[in-house]
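Naming follows writing order (A, B and C), and every chain is counted from residue 1.
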Amino acid sequence: MKRTTLAAIALAAAAGLGLTGCAGAAGPAEKPAAEGKTTLSVSVWNYEGTPEFKALFDAYEAANPNVDIEPVDILADDYPQKVTTMLAGGDTTDVLTMKNVIDYSRYASNGQLQEINSVVDKLDKENLAGLDAFDLQGKYFAAPYRQDFWLLYYNKDLFKAAGLEEPNNITWDEYAELAKKMTGTAADGKKVYGTYQHTWRSLVQAVAAAQNDGDLIGGDYSFFKDQYSMTLDLQKGGTLMDFGTAKSQKTSYRTMFESGQTAMMPMGSWYISSFAAALKDGKTNVNWGFAQLPQKSKGGDITTFGSPTAFAVNKNAQHSDEAKKFIEWAAGVEGAKAIAKIGVVPALQTDDITEEYFKLKGLPADELSKEAFAPDKTALEMPVSDKSAATDKILTQEHELIMAGERSIDDGIAEMGKRVKDEVLK
Amino acid sequence: MTTETRLRAPAVGPDPKRRNTLKRGDSLHRGNRKQARRNTLIGWTFILPNFLGFLAFTLIPVLAAFALAFMEWTSFSAPKWVGLQNFERMLGSDSFWIALRNTVIYAVGHVPLTLVLALGLAMLLNRKLKGIGFFRVAIFFPYITSLVAVAVVWNMLFSPTDGPINQFLQFVGVANPPGWTSSSDWAMPAVIITSVWRDMGYYMILYLAGLQAIPTELYEAAEVDGASPWQRFWNVTVPSLRPTTFFVVVMLTVSSFKVFDLIVVMTNGGPGRATTVLSQLIYQEGIGEGKFGYSSAVSLVLFLIVLTVTVLQFKIQQRRER
Amino acid sequence: MTNLTEDLKAEAMPGGGNDISARNEFRRRSPREQKARTVNVIVYAVLVVLVAALMVPFIWMVSSSLKENNQVFTVPIQWIPEEFVWSNYSDIWTRIPMMGYLQNSLYLSVIITVLQVLTGSLAAYGFSKVRFPGRDVLFLCYIGTIAVPWQAYMVPQYIMMQQLGLTNSFNALILLQAFGAFGVFLMRQYYMTIPDELCEAARIDGLSEYGIWARVILPLSKPALASLALLTFVNTWNDYMGPFIYLTSNRLWTVQLGLRSFVGQFDAEFAMIMTGSVISVVPILIIFLVGQRYFIQGIATSGMKG
């Protein structure tokens, strides 16, 4: 008897809980749109941890009192997967943020996005970095508001202690030379590496492609060779942390630089604001600066690489016109200023905006850092094509094998070419 | 032997073996039919609450996914029938064969090791001891520890140059200890060891429950018959646990063939493609690159392999019961 | 060595240990007892070593939860934080709505577990103690679906749910996960170990099939119910992909989603993630300590006698 009663209670409890339905407890319920206001929904990743979104939305709402922006908050890790699933289900979110150009090409070529040439025509095309990436045979389906590029971060104190000059506009050979000289032991007995190159393949491959005009989805990768030789040479000499260790220990580039374990570090411009924040909170005391990404040879243009982030209009958007207005604003001067204020690099690059950017607290004030902030050319990290995703996978796998010493450089490069030709280009 | 017979005493009532004997008796035939209809009704009322949910939210989507295996679908537009094209591409793809091989190697290593260790642990922990609750929880800990922590610590243990495992191997005289996760040849064994370590507590729970169902009388009888502990283990424990073992083996096989999270966090399929498995391929090709037809085709193959293994085990189990 | 393992096995035998020998073999009682004590000491020693080996990553987790974010992944591993950042444990409640996330996780886990155990044990009775045509085929169907990776049918399932208007709600997840094949399979296998004589005796006593399930089988299957409940709870609690796909509004998020919100586009706050992971283990521990009491021997026997 007792047991049946128990089961009955459990059942009743379950049913009761089930009926009360959405007992969603975390945070306030969504506020209903106020009278006469348009609610524009925008898909974003990690809303709390990515302040640029809030900065943009607040500024836009202030400028357009009749619009309420509702962020659709998605985790950064699997953002594209979730967006794909939502869209498959016929989701009606108005504005979709394109985290990278690979996803952009997939959504655009499958007809999931609205063409926005009318918006792009009104933009300052000259100064809008990364816009070309979104050009699909003359049609634009998104406009960039943010464009990161790669720089060389360095630890000024370590340079001073070694009596070396700051790495102003150096070549990769000079970089390797410096790195070797800087490797040693710090005062507290910890090892100091001359440089830290994170495990991403872009650190070798995108650099090589950008500075040699190489095609990353072309199937011929001989232009990787010099960059691989240099990197492996540094790794062999203990100037660079061993790839296997860095990868398996999930080594954080922030830890490496912020704890003074490395003298130099090529990294993206997104790190500027994170580092400044860590400095402000007293979580690091490294005396930092940034310089231009090292070049292939002396005296030419400064060529770096990066990838733009853009807004696009969903095919099923409920407020297409409002969405287009928002995109135009975000890619324009006001949008750029709104995010530059908080240390995010806008796609629109003018002297005005750079000045706004360097007002940020904690930024190095030296001339070199300012100079480094204006590279001559920013190549695209990965070309926009429906072949990009599959190629990216192959290049990553073969990159690991070369870096782990399982394949020689020549064999690895040959294998990349062969696999890309067989599996992707065929 | 005595114990075996006692356990398998002929059952009465709506039991499979019993039904077979009943069928032979002609006089019972009509009542039998009526009984069968009644049984069907009763059986279904038991199954229905679960089956409705299962049908609607699992079975139908699964069948839809299988149908997609014969189509081309990007998830943005209507699917297009392409016949066997996805399968042709699959059979001609290196990545598929490598992933299949890795998955099978993983399963072959993971299933027996976990099975034996889970049973051993369950036997060890199936006793009244002070603080046994604490030990049971502790064995389950790996399963609830964050995967990132598991990956980092095990990768450290496996570190080729200064990891404790290789230092120990060198100490006992292995001149060239393996490179583990940074070597193509040894990454899979390293993953298998870690996954066995992680999963054994999970399956121990199942065995622990299974051990409770063995009537104490069987052991008493065996002891009266003068069976040694070892004989008792083989003649009482192992046969009595057969249904549990069937469950554990099937679940282990299935989860081995579907392994995903641990590999993604620990090696992400690398170095190169040394630890890439089928479910990663399904994920990457499907939701990663929008080739849902192809990824469905791979899942269909995965499903057929696992189903074959399961049906074989099911048949073996049924034969043993007879 | 062989002797030792044999002894261990003898000890491990439920009911095969002391009580019987004490009852049957009066003369050898005292040496037997002594031996049992030695065995216990050995068992403890084995367990302690084992537990130490199993806890290492967890210790790393706890240690990392007491560090600054940029001190978590160091080479070599730093086991004891340079400076203990206890504030992580107070900050996390304000950095993210942790309490709400815990409530959501608990809500989902409890409902899904209750439904899974209830419907699973019902269906399992149908699959193991009632004989009817098509039973085994249907059962294989159940097992078969377990073999299909969720990644493969996630999108079709989502589209279906969207059309039913169920996405972005707890109901979607409850419906998806409460009727899985796992519980049916587990319970069926356990019922197979319960002798059919018991059911038959109850039938002769005039109990209906439902009565047998409720009064005979259910009480006998406490260990299996406990393990099913425990495993379902843990799996639901730790599930990430399901809630990620189906719960969009932040206020519906579970702990696992909340913790992932510390992962940014280019880096992650791992100290916070580890802090949250340690906190999220606590409810599981409570459930486990409660549940493991049912893994005690003799239930089946007492049922058989009564």
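Quick notes on this one:
Assume a residue touches a chain if its C-beta (ideal position, glycine included) is under 8 Å from a C-beta of that chain, and two chains touch if they have at least 3 such contacts.
Since we're looking at a predicted model, the values are computed, not measured.
When chain centres are defined as mean Cα coordinates, A lies farthest from chain B.
Interface comparison, A-B versus B-C: the higher number of contacting C-beta pairs is recorded for B-C. Rounded to whole angstrom, the centroid-to-centroid distance between chain A and chain B, based on C-alpha atoms, equals 39 Å. Rounded to whole angstrom, the centroid-to-centroid distance between chain B and chain C, based on C-alpha atoms, equals 15 Å. Contact of a single residue of chain C with at least two other chains is seen at positions 73, 77, 118, 154-155, 270. Shared contact sites, meaning residues of chain A that touch two or more other chains, fall at 84-85, 88, 245, 249-250. With touch defined as above, residues shared between interfaces to two or more other chains in chain B number as follows: 75, 148, 152, 156, 287.
Contact residues on chain C toward chain B in their complex (touch as defined above): 6-17, 20-21, 24, 40, 43-44, 46-47, 50-51, 54-58, 60-61, 64, 73, 76-77, 118-120, 122-123, 125-127, 129-133, 135-136, 138, 140-149, 151-157, 160, 175-176, 178-186, 189-190, 192-197, 199-200, 203, 209, 213, 220-224, 226-227, 230-231, 234, 238, 270, 273-274, 277, 281, 284-285, 288-289, 292-293, 295-301, 304. Remark: chain B residues 7, 9, 11-16, 19, 36, 39-40, 42-47, 49-54, 56-62, 64-65, 68, 75, 123-129, 133, 135-146, 148-150, 152-154, 156, 162, 197, 201-202, 205-206, 208-217, 219-220, 222-223, 228-230, 232-233, 236-237, 240-241, 243-244, 246-247, 250-251, 254, 257-258, 260, 278-279, 282-283, 286-287, 292, 295-296, 298-299, 302-303, 306-307, 310-311, 314 touch chain C in the complex.
On the chain B side of its complex with chain A, the touching residues are 74-77, 93-95, 148, 151-152, 155-156, 158-160, 179, 181-184, 267, 269-273, 284, 287-290. Residue ranges on chain A touching chain C, taken from their complex, read 3-4, 7, 10-11, 13-14, 17-18, 21-30, 45-50, 72-78, 82, 84-86, 88-91, 99, 241, 245-246, 249-255, 258-259, 268, 270-271, 274, 278, 283-284. Partner chain B is touched in their complex by these residues of chain A: 80-81, 84-85, 87-88, 106-107, 110-112, 243-245, 247-250, 389-390, 393, 397-398, 400-401, 404, 406, 419, 422-423.
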